[in-house]
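In what follows, structures are represented as structure tokens.
After this come two complexes, each holding subunit A, first together with subunit B and then together with subunit C.
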Partner chain A sequence: MNKLKPLAKSLLHSRLTFSLVILLIVVVQNIITTPTFFNISITNGLISGYIPDILDEASLLVIVTMGMTLVIAATGGVDISVGAIMAIAASFCGLLLNGPEYRTDVFHSPYLLALLVGLLGGALCGAFNGFLVSGLKIQPMIATLILFTAGRSIAKQITHGQTIYIMNPVFKWLGVQIPGIPIRTTIIVSTVIVIIVALLTRLTSLGLYVQSVGINGSSSRLVGLNSRAVKFMAFVICGVLAGVAGLVGSSSLGSVNSGELGLGLEMDAILAVALGGNMLGGGKFSIAGSVIGAYTIQAITTTLYAMNVRADQLNVFKAIIIIIIIVASSDVFKEKIRKLTRGVFGKNVSIGG
Partner chain B sequence: MDRIKQKQNNPSLMMRGIGKSFPGVRALNNVDFKLRRGEIHALMGENGAGKSTLVKVLTGVYPMDEGSVSLDGNQVVIRSTQDAQKLGISTVYQEVNLCWNLTVAENLFLGREPRKMGFIDWKQMNRMAAELLQELNISADPTAQLDSYSIAIQQMIAIARAVNTDCEFLILDEPTSSLDADEVKKLFSLMRQLSENGVGIVFITHFLEQVYEICHRITVLRNGELVGEYEVENLPRLELVTKMMGKEIENLSDLNVNMDESRFEGEQPVVEAIELSSGASRIAPFDLKMYKGEVVGLGGLLGSGRSELVRAIYGADKAVQGQLYIMGKKSRIRNPLDAMKKGMAYLPEDRKAEGIFADLSVRENIIIALQAKHGILKRLSRKDMERYADEYIKLLNIKTPGIETPIKSLSGGNQQKVILARWLLTNPEFMILDEPTRGIDVGTKTEIQKLILKLAGEGKSVAFISSELDEMLRTCSRMVVMRDRRKVGELTRAGLNQSTIMRTIAGREDGNE
Partner chain C sequence: MKDKKIINRMNAEPFKKRKNLSNTAVLLLITISLFVLLYVISLFMFADSNFAKYSVFFNLFNNKAYLLMLALGLTVVMITGSIDISVGGVTGLISMVIAAMLMGGVVSAMWTIPVALGIGLAFGIVQGYLVAYLDIQPFIVTLSGMFFARGMISVINTQSVPITDQLFMSWSSAKLYIPFLFNERRNGTRDIAYLTPAAIVAILVLIVMIIVLKKTKFGRSLYAIGGSTQSALLMGINVKRTKFLAHVLCGLLAGIGGLLYTLFAPSGNPGNGYGYEIDAISSSVIGGVMLTGGIGLPIGTLFGVLINALIERVVPLLGIVEASWPRIITSAFLFAFVVLQSVLVSASQKGGFKLMLPEWLRLGSKNNARHDI
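The block that comes next holds the complex of A and B.
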């Protein structure tokens, strides 16, 4: 019993617990309704099955969520332009590869150069957002509203107002499969990105700086942190990662459709960060939490599809789930739960005071 | 008017035996306060004296634990701000509580707009506003947007709004702190006019000059207790300061500050400020020299510019004029990081707002300044961080369940020690400690005082700000005295005793200016 108390305490207080519980519910639900849930087979030289599908389909969201996590932690605001940035980055890449043609299987520029330019486009967009927020002190949501609105238009201009098709099979490497490797590249890329971001926040002081700036700007300044630079950096990283997602996403489709690529992904990313137990007001963040949050959202979506929920009904179900999540994680609700559990675990379940 | 005149000499608003406790703190203890109609009554006291608690009890923000309030002899109960307003008690706070984006008239009548057939009667409202403003001699256009006027005018409009709601008692909480001399004059003439109309005014301020210029009576609080109520004519400045700061000062023989005044002659100052002044703070340009191994106290009442002075040196407020020399070299401090790199450290006055990172662990709170100095790429190893944290937890005797405990769950004293640890870890040459002992227990206070002397003994230079005079007398070898945002004196060891300090703080009538 004595050992149980701190465990109960930390479980109650860890926001991560919450998203894990949701994920667990979704998985259990799948196991019941879909007996083949854990089945894995190899088709066309690729590992496939329910779980690999979820990992594959979640990959863009996971990548974008990493950047969103840093922006939210550092600024207490959100970047709603990530979907548009994906389109811009992919368009740059597509322009370089296809040149003036709408449909071709010849690369007009080196593949790697095109990828690099795409990423650079993402970085530039991030820098623009970062400048508006940290330089001009515009609220993140408003600042990123600019690219949210204009981004897809800009992307369309880059691709001469057309969807462009890149037929060279090499283009599909990044978003489908590299010949000889049985795992979908999307899964590899998203995993690598998660590892890079995790290392970046651990091996450098980026994580500590971001949290400090997000928790207390005045204190940060007095201990010698440049909160402007930290916020700027968060937006640039977010932009680059959105760029990566754009490149991967267009590669999966084999085309660049700037009107569709990453549409609505920004909202899912924000939801994933929240679901991962991160404070939307900024401060402490958990990369692991955000990753779990992102996969949870994808698992919910996939499950709903598997339950024959139509695409146009999907958002209604998502909304219901979001409402449940928000209510369950609200302070009022938690306080109620705490009061209820106090009887079970003894008086000292809540810390602080 | 006759009714008011009649009652003018009887205290009309009486608070008796007021007591109020917060968890762990006795904020008010058996305090009496009387406010007569038509008088301007200064409520004075240092930090933690209980002024704001008393005002909040009076205006219904806090319920009182003990005591009673009566109005013209009838007992009244004030449970909410609405209750207070019904009784004619209004408050105007330091920060203007109006809507900057509405017009002057809209602000004056917000929530009680004159109506015609259910719609707001704009003509009528603007006319009423114009009348009210004219009556009070406030030069503002009712139809202009509020933020087109200076803070002073906005404050006067806030007062006009308060007065218009049949206000008989007006509480002004530090209304002059962001005004310049001219604006203060305007505000004072409005206050005089109101008092002639029979409004009783409570005036809270840190500026002694202003108290003597405008007030009729003074009530002094200290540590939540009533010190007394005085007629202004009968309370010379020096006595007021003595009453505010308290007299019981121990002899300072127990801690030895051995100080030879000529010790620093010809020596290079660690920090030297010449005609330095910062933009935001409005303090008069000052000179200051700090030598190796000395503790310099910065004395003065709250709001006298003590913090602003050190913030200008540290770069927390950007310097707009003057020069700063560090170890004899002319230096430009553009931000705190520059100052840190030049060997400075600054423990800010407001621990919660500017010191701690509430959600971060004790370890992270300790290493953050050193890490910032190293830069983002040269991350301290986990092992080093833990070693530093353990070392300073032991050194400063910080009571925490562990190094990964969030700092917010520690007591105030231990939080303060963590911040001290943060700065000691950066190994500074010049430490600025702004109220390091405020709001912490006596045991920790003594520990911190000893630490300050130890640091000086190790050759560091310490600037020490405290509202407690005895604490400074015990630790400082020299004292810089501030009054009304100006450095007014510097006392060396020989002249360093309670009465000279009080006299310097009080100023003027004792021939100090």
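The block that comes next holds the complex of A and C.
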């Protein structure tokens, strides 16, 4: 009992708990309404079912959220251009693969080269953002606003204002399935990305640097950290990851549509970071939290779709749920609850510390 | 009597002395001169395509009255260091609600005014409470507000709803002609400059906002909070209440903005107001408001909005038909401006930069000449 108390205390203190609880509620609700929730079958050589579907649909969000976590932690600001960067990266890739044509099944350049150029495009966009923020000291949101407004138009210029259809089956490898592997590639890619970012932040000093720069940029400069370089790196990583998401997303659609790809994903990514218990003011961050936040958002979305909520009305419910989560996990609210329970139960019983 | 005045002035001298321009003034000056420059260049470039007319200038106000309201709201919250990205959604929601209200022809158009303001106020109050009293990040709160508003639009209707109400349309199409400001058309008729009721409301609100931010205790405490929350607390300012009121004011302005937008484009459309929060933020930033808080003036925001309107008016005249170019040009402009701002501000902070203005143009240095009295 004595051992349990600190555990319960830390659980109640953790901002993550509430979004875990919500995820649990969603899952339980799903189990009740759809008895086939845990069913997993193999169709067309692919594992399919309710859970793999959620994992698949959340993959883009998870990838983008990883980059967003680093940017928010390092700069205390948000990168709202990730959706546009996705479109730019995918457009570069599509342009190289299809050449001058809009619909073809022959690759005009090597597949890997096209992927690399796509990633390079993402990295360039990230570097542009990073230069504005770390070099010119512009607030991140304003700096990324530039690519947010211009990005999709630039992507449209790259693809000559057309949707590019890439019919070569190899193109679908990244977003649907590599022949012979029964798991959707999106799930594999997002898992690999999460592992890489987690290892990068744990094993190298990148995580520590990002945190200290986020907590206090000028004092980390005084202890010898190049806070500008750290911020710049965070944006470049975010750009590359957005590029990955763009490539995966266009691959699973089999086409590059610069107007639609990743539309609104930046807002979901910011939400995922916040739901994961990370401060939007920068500093401490948790990769696990962001991943859970991303899956929570996708689980809510999928469940609401299953309850026949129309796509455009979905936002109302999303907004209400998010507000409930954020309010309930806010410190002030916890404090109020604590005072209330103290009043009822006396001094010795304390909830949440 | 005169001596007394001079003595008073001399006593006040040490406090009034300011050698360099403040950041706010530098940014404001850049914005205004940029607008004038752009306008003059456009006058020469498009002299033959009917640009040099009084009506063109006044139409900048007529077309962007709603944006001025949204941008003023954002100016207020951004001065406190907060942000509100729900204003675009609120604008769209209000236009849809008004359209749905007037569809049956039962409700009088008079009711649209309290309904629009009420919706804006409701958003402002809820968001302000969450931000100020529950201390939740404003970005997340207002992002949810945006989601909620956009979702509610499609709950009400997913189709475009036209507005046919006679009274409302008469407001929408009313014109206040401005005497003596007209250009002769080629066929001899007069093209008289005019303001719409929406533009007049917007200008009145702008004047009120200038006075509120400059002269009232509330306005000054907004700047104090944005400059440093800690010092504002120590000064005895009720930080939470001021932040709350800032969001409420922003909501109210978004409500007015929604009404003015519906007057400008009288129909309820699910896509209405999409992305207007971004337009409003960029207008405020171009107008010299800093996202970090404490810096910005309503008059700067006006010029930010005017620059926005001017770009929108000029880009089609350049002969660019493709729809994606105006956005690229607008953001290139935002880019150039933000970079310029950042360079100038950092240079003036280091003291290595001095604006080379003639003595009589330097703001805040009028009293320097009186030393020898």
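Here is the rule we go by: the second predicted complex is superposed on the first by the 338 of 353 C-alpha atoms of A that agree within 3 Å, B and C clash if a C-alpha of one lies under 4 Å from a C-alpha of the other, contacts with A are read in each partner's own complex, and residues count from 1 in each chain.
The criterion applied here is as follows: a residue touches a chain if its C-beta (ideal position, glycine included) is under 8 Å from a C-beta of that chain, and two chains touch if they have at least 3 such contacts.
Source: prediction; values computed, not measured.
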When the two structures are overlaid on chain A, which partner does A:109 contact: first (subunit B), second (subunit C), both, or neither?
neither
Counting residues of subunit A in contact, which comes out ahead: subunit B or subunit C?
C
Can A:48 be said to touch subunit B (first), subunit C (second), both, or neither?
neither
Is A:34 contacted by the first partner subunit B, the second partner subunit C, both or neither?
neither
Looking at A:168, would you say it contacts subunit B, subunit C, both, or neither? Reply first, second, both or neither.
neither
Could you tell me if A:157 is touching subunit B, subunit C, both of them or neither one (first, second, both, neither)?
second
Give one of first, second, both or neither to describe whether A:206 is in contact with subunit B, with subunit C, with both, or with none.
first
What residues on subunit A touch subunit B, complex-wise?
203-206, 208-209, 211-212, 215-216, 218-226, 283-284, 351-352
Subunit A contact footprint on subunit C (complex, rising order):
83, 130, 133-137, 139-141, 143-148, 150-155, 158, 270, 278, 281-282, 285, 290-292, 322, 324-325, 327-328, 330-332, 334-335, 338-339, 342-343, 346
Can you list the subunit B residues touching subunit A in their complex?
316, 335-337, 340, 346, 348, 353-360, 364, 368-369, 371-377, 379, 408-409, 422
Quick check on the complex: what are the subunit A residues that touch subunit C?
78, 132, 136-139, 141-143, 145-150, 152-154, 156-157, 161, 267, 270-271, 274, 279-281, 310, 312-320, 322-323, 326-327, 330-333
